[in-house]
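Labels run A, B, C, D and E following the written order; every chain starts at residue 1.
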Amino acid sequence: MDELIKRAKELLEAGTVKVVIGYENGSADKTRALFAIEPKDADKLIFDSRCVMNLATYITKAEVKGKGKMAITATLPVMRAIIQLASEFQVNDSNLLVLGITPESKMIEFKDLAEVEAFVHKYTIEIEAKYSEKLEKLDKMTPSERWSFWIEELSPCFKCYACRAACPMCYCHKCTVEFNQPQWIPVPSHDLGNLEWHMMRAIHLAGRCIDCDACYNACPLGIPLNLLTKRMLIDAKEHFGGYQPSIKADHLMSTYKPDDKDNFIM
Amino acid sequence: MKSDRRLVRKGSLEKLFEVLKGDNRQVYAPFSRNGRTSYRKIEKFSDIATDYIQTTQSSKEVSFPRTEKILDYSKNADGMSVKGIEPDQIPQIMLWGIRPCDAMGIGELSSIFNWDYKDEIYNNRLSKVTVLGFSCSKTDEYCFCTSVGGNPGNTEGSDILFTQLGGNGDYLAEILTEKGEKVIALSPELFEAAGDIEKEKFLADVPVKFSHKEIYGKLEKFFDSEEWVGQSLRCIGCGACAYVCPTCACFDIQDDSHGKLGSRVRCWDSCGFSLFTLHTSGHNPRNVQSARWRQRIMHKFSYMPERLSVYGCTGCGRCSRACPADMNILEHLTSIKEAAL
Amino acid sequence: MSKIGVFVCHCGENISATVDCARVAETSGKLDGVAYSVDYKYMCSDPGQSLIKSAIKEKGLTGVVVAACSPRMHEPTFRKACAEAGLNPYMCEMANLREHVSWVHEKGEATTEKAIDLVRILVEKVKYNQSLNAIKVPVTKTALVIGGGIAGIQASLDIANTGHKVILIEKDPSIGGHMSQLSETFPTLDCSQCILTPRMVEVAQHPNITLYSYAELESVEGFIGNFKVKIRRKSKSIDEKLCTGCGLCTTKCPVKKIPSEFNEGLGMRTAIYVPFPQAVPNKPVIDREHCTYYLKGKCRICEKVCPIQAIRFDQEDTIEEVEIGAIVLATGFSVKQPDFFPEYGYGKYPDVITGLQFERLASASGPTLGEIRRPSDGKVPQNIVFVACAGSRDEAKGIPYCSKICCMYIAKHAMLYQHKVHGGKSYVFYMDIRAGGKNYEEFVRRAIEEDGVNYVRGRVSRIYEKNGKLIVKGVDTLLGAMPVDIEADMVVLATAGVANSDAEALAQKLHVSYDAYKFFAEAHPKLKPVETNTAGIFLAGACQSPRDIPESVSMASGAAVKVACLFSQDELTRDPLIAVVNRMAPPVYSSCVGCFLCVSACPYQAIEKEEIKNRAGEVIKTLARVNPGLCQGCGTCVAFCRTKSIDLQGYTHEQMYTEVMALLNEY
Amino acid sequence: MTNNLYMPYQMKVERITYEAPGVKTFMLRFVNEDDQNKFDFRAGQFGEYSVYGVGESTFCIASSPTRKGYIECTFRQTGKVTNALSDCEEGSIIGFRGPYGNTFPLDEWKGKSLLFIAGGIALPPMRCVIWNALDLRDNFKDITIIYGARSTKDLVYKHELQDWGSRPDVKLITTVDPGGESPDWKGEIGFVPTIVEKVAPSSKDTIAIVCGPPVMIKYTFPVLAKLGFSDENIFTTLENRMKCGFGKCGRCNVGKVYVCKDGPVFTLAQLNKLPDEY
Amino acid sequence: MAEFEPKIVAFVCNWCTYAGADLTGTSRIKYASNVRIVRFPCTGRIDYMLLVKAFDEGADGIIVSGCHPNDCHYTSGNFHARRRWIMFRSLCDFIGIDIRRIKFSWVSAAEGAKWADIVNSTVAAIRELGPYEEYQKVAKKPVKEVING
């Protein structure tokens, strides 16, 4: 990605941005986030198919944000996250410049977030086939079987909150689990505590989750917790016409339509 | 005591497993699901995972469960009735298949729980654990036990250490403690006499990257280094590293109440969480991720050696493997070693 | 240190017949934190209330649970009693043992158990109750009325007559609105201008009313009692103070061919103009879009002829900032525009006109001085067709609603036609005749029976020109859908009444809700017809939906009373059961992360952004803040907030959580 | 289990004193007499107080070890546990475990003068030492107490302040922040550091014990230095968040120093060596 | 063994369903006594976590009820609530929580009889389903001790 390196250097040299967030080679065959602050740091920038971590999780972190204006290497999921974050007033044109990477691996620099939004809107969020299959399989189970499935799947969870930390939408300084008057979600990791934590997280992401799988990728225990948010995404599509991050439009869950479905209400 | 060396046929392992399972004993061994390996109670020998360099989670849960009741209470007409946990509620555990680094970690973890105040809950659990270690014949780029005082065939912390002699071979069993002898006594016929075996030949080669003493010396003056900020910038502040670590002992104490009845539990916590040290006043002594990352490294490589005379790292490399942001402790320690003061 | 009193009421035998009240009192008395419990025959009676009051004083109670009837019935009673005994009224809760227990269940163990449960739930809740104080909001006693039609005029006058200041803004050069365009009014056929003009003059002369004509709302901030409003006073290009309204300029202006808005394009006006002779204020404005000077930089004839040099070509718009306590929206409505009816040939055939145009033709002050002459050639039409529901009640046109006023004005039009054109034939195509209203039905009957208007029940499918005649193709459904073709000289369309084109923008400026047709939405269709969901903003007239004059006037008076009620207090007292965003010591300030999703969830626009600044004045955090003047306490934001940063006083997280815990566990 | 470190003593709340808005003092007696007989502590130590079903909270023992048979604690409502504690009544049972931490070295201070400087809610840790010293009054020379709060209503231990004020062997100076005085206020008006400077107590053979909010401490240390106090003779206490109280849970350390075990009492000389992590 | 008596928690809004239940009382319509009402100002205030808590603490069934669409005292609280319910209900179903145990209804202040019907039919349905043991098995062992199993 010579183009990316070149542009990152220019931006840093000109002082247009203070930090360029991108990917570099990491341990084993992994890649990791790079924070280029000096122009020479940009030489380490890479981009390839291994770069799946959602870098948008960094742009709300005080330590990164505090450096000054940021530029970010943004794949489609990252851009989606950025747009959702912008709609929640967490980033704006004055502190973020987006160096987009198209699904065809082409770099495009966006003038502003409105352009990013327009780009993002060219694509709809589609659930990958392998996940659709899993979801269908679950749908076919009886509720009791699903219950056993989830209790079993969530049982290894030790609440390290890697899912939360990796999620670009989980930027709250004090998460619901840390709210203790009352203690809505049990702090310890046990079947009930794990269940409630993941339920709560899924519903807080309803209409916000951009389906980047960052949570699943981050989970050290390989829990398929992204199935929960994918389910929410499917519901959003089924009931509310689908979800697409948008800077100005009302948030999917803080708005309503007078004719929302109510066949389940007696 | 000097170790007793025996030979266990490959085919005898399953028999040993069956023997160990009986009589109010539970066998905890590596189990794989979703591509991750962790320890859990195993009923069938075939459920034991074998294809792992290192388990995803450490085995510390046998003595330091992620969530553990420390007392029950009930309110009644006369006041309050409070009950602790009785030791006989804790079963005998056969901890099967842990790596030498983890076995070494048991001592490190114990030193925290016995620093002046003896944590009887922990000690009781540990006293019921028999450690059946398995030497390492494989390694990956995350391993660095040899840099922190361990090695792939280290006997420290194991009651019996098994070393497989070649890819599909029999096992050398080094019986290291009384607990280990008790295991032999359960089924002596499985433990044949071992001839002269050069164990080292069958062990993985883990290169030495630094010496922990070297790191200790460096850290003494490293508290205010800018290096912490650079290293921790990509840290996302989760607790994965702490929770997979065999020696991390940070915990929280929480109450669980249901009207009159309830219990108090101890559960894992992590120094990496941003609210870990937050005062109710809103003041936070470690208010940036770099301070929290520094705490993690300093605790293991500076504070523990100074205060407890042990290091808090076994070189198992789990934290690096588990990290969603690819924080690599080996790499970071190496750069601390090389950093200018 | 809770010391809670539990007071169990027998309600005569209403409760005690099925619930063992003594046992409820006894069991509750053993709960943690309950210092006193008692049962009594009638808690709401004077002796019952005294029992509570003396227990509060003697036992030093910190909370009270009255187990009696529905809180919807007596909560105010017991809260007042508590307050009288010196306990904060919000420390009192009621367990509903009558409507929810004794009246709906048989006598028995399970029924008493349920009663005990309900008391326990509220005992546990009360432990988390907080003393709350009524919220006081100061009131600026000046009203802003937007729109100078009959509704706005009436509202302004009514408010002004209660002694309060009113600012009336009108976007046109004169007040009067649609009513000033009308010829006669139904069902009395009195002259519209004759009854309206005195009111217009009264507005101009009223000491409490400030009239800004040719002015529009620029922006609104604040909330009930405390709005900060910016008004854009469009440049009239004249010095209003100097201008005497002599009208010389308007007669000399060389640009004379501008279709007059007042005459609905049936007459012409000049570029400097007064919209109609009775205009208030009766001073001209220069229409810069048509004025030669503004277009070409030359002319200035008006300036030359003005005897007192009142013309100001360089005048600019000014922004007036005013503080306002209440706002009445009276912006009226529009009629559907020509392109809407291609099948009726509106715009294509000059003799297909709207009802409003017909009003101008029929008006003595109109372009034909009251004679019905068709626009194309000025001939008096001998055959005239009126088409009702032109657009209205037509789902295909996107206007499924009834415009309400058309049936009546069509009858009036037809009647006026028959009165003015003797021997003329008039036809009305209609779907139904909707003449609900005092003397309305009689009025329509008169048109049909006395004036001989031909009413044809059916829709018109098409209008086209043939041999100089307008062919109106319709059907008569009363005759088995028999096709009816009428050769007309003129056709009048009763076009649908629709919201103003800028209604949506205005609603957004004011944060009032509007319906699917962009009419402003009332707060409650039955009980709050003149209120909006935004406290302190009221509705009058056709901006809410098409209205006739008496309705508009009634609404205006209704809205005026609401404003007067508001202004009768120096401070507004509000129930403190409202949402609050938590605040903490620096450096945290609040757990709110400022995502502002609550803003769109709030039905009352009560959530605003609050910026926390450091000493240098830099914004370091942006938080949500609930405006206590606007919040109504529904709690929608509370359930929505991910960080639990908003809580609802009286129904807090702790309180509701505790209720659920207490309900299902032993205590 | 024989020795469950986390098992609290059952304590009965015997007396509740309202000190200031949100601040209360509990007098706690051991439910089990055996516990009481075995229990011993020294000035400066702290404990974990718990409400069953809610959790534990850390604060110092505010009564003097010379007063046997009970302990007292003073707390301000700030969070979940202190709110729940505040809801307790006389007769309620709460949990207490401790004592933990180091102590003020009263033995070493024998024959010296003591200067106590406290602000706001930080008087409790010092109250323990003050009473301890007063109960062993002959061991010390002058005892001076300078105590300030934001306003008169925020002063805690009002009854004891009166008591100390009336004793001939104690010099008590109370102060409130400007604007915090009530009409009948007879004490000083001004911030604590200013008043210390004004009173100018002698540093000769004197130990200064300083507890208060960070800002007060920050500005008082230089004043004491100016008055000639050495860093070794200035004592204070630290309050980091902790869960266990005995060096395991991993929260309270300041660098290698554990506030729960090595503290909470530190001299300024010790503090100066600590990194900025408190 | 005594017949199973389901524990039902009802989360209702103050202005419609609570008032409707009052009307049931004033009309003296009898219904099953298994239900306990928790009063909220509006369905918009009802936090879905409270529903989960009710199951945690042993509820066998839940009723959530508020104003009919367009009748909300606060205009749109019930509309917001409905949107949340749609998602919440689907998530519960996906996780395997028995959604037959959560009944949603609109009961206006005039529908006293409907309230009695809702309660009775819910009680009957839950009685049929039996105690919610599947959930309780998980909830009542809050401290999963890895070793004590």
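Quick notes on this structure:
Everything that follows uses one rule, which is that a contact is a pair of C-beta atoms (placed from the backbone, for glycine too) under 8 Å apart; a residue touches a chain by one contact, two chains touch by 3 or more.
What you are looking at is a predicted structure, and each value in this text was computed from that prediction instead of being measured.
Common partners of subunit C and subunit D, by the touch rule above, are A, B.
Simply put, of A-E and A-C, more C-beta pairs touch at A-E.
Most remote from subunit C, judged by the distance between CA-atom centroids, is B. Of all chains shown, A has the CA centroid lying nearest to the centroid of every protein CA atom.
Inter-chain spacing, taken between the CA centroids of subunit B and subunit E, is 45 Å.
We define each chain's centre as the mean of its Cα atoms; on that basis subunit A and subunit D are separated by 47 Å. Annotation: 69 Å between the Cα-based centres of subunit B and subunit C. If you average the CA atoms of subunit A and of subunit B, the two centres end up 32 Å from each other.
The set of subunit B residues that touch two or more partner chains comprises 66-67, 75, 252, 254, 256-258, 265, 281, 283. In subunit A, the residues that touch at least two other chains are 173-174, 181, 183-184, 186, 188, 190, 193, 253-255.
Shown for subunit E are the residues that touch two or more other chains, namely 48, 53, 57, 76, 80, 84, 142-144.
Here subunit E touches subunit A in the complex through residues 48-49, 52-53, 56, 69-70, 76, 79-80, 82-99, 103-106, 118, 134, 138-139, 141-144, going by the rule given at the top.
Residues 75, 257-261, 281-283, 287 of subunit B touch subunit C in their complex. Of all the residues in subunit A, the ones that touch subunit C in their complex are 88-90, 171-176, 179, 181-182, 184, 204, 250-251, 253-255.
Contact residues on subunit C toward subunit B in their complex (touch as defined above): 32, 584-588, 661-662, 665-667. The touching residues of subunit C, counted against subunit D in their complex, run 1-3, 33, 127.
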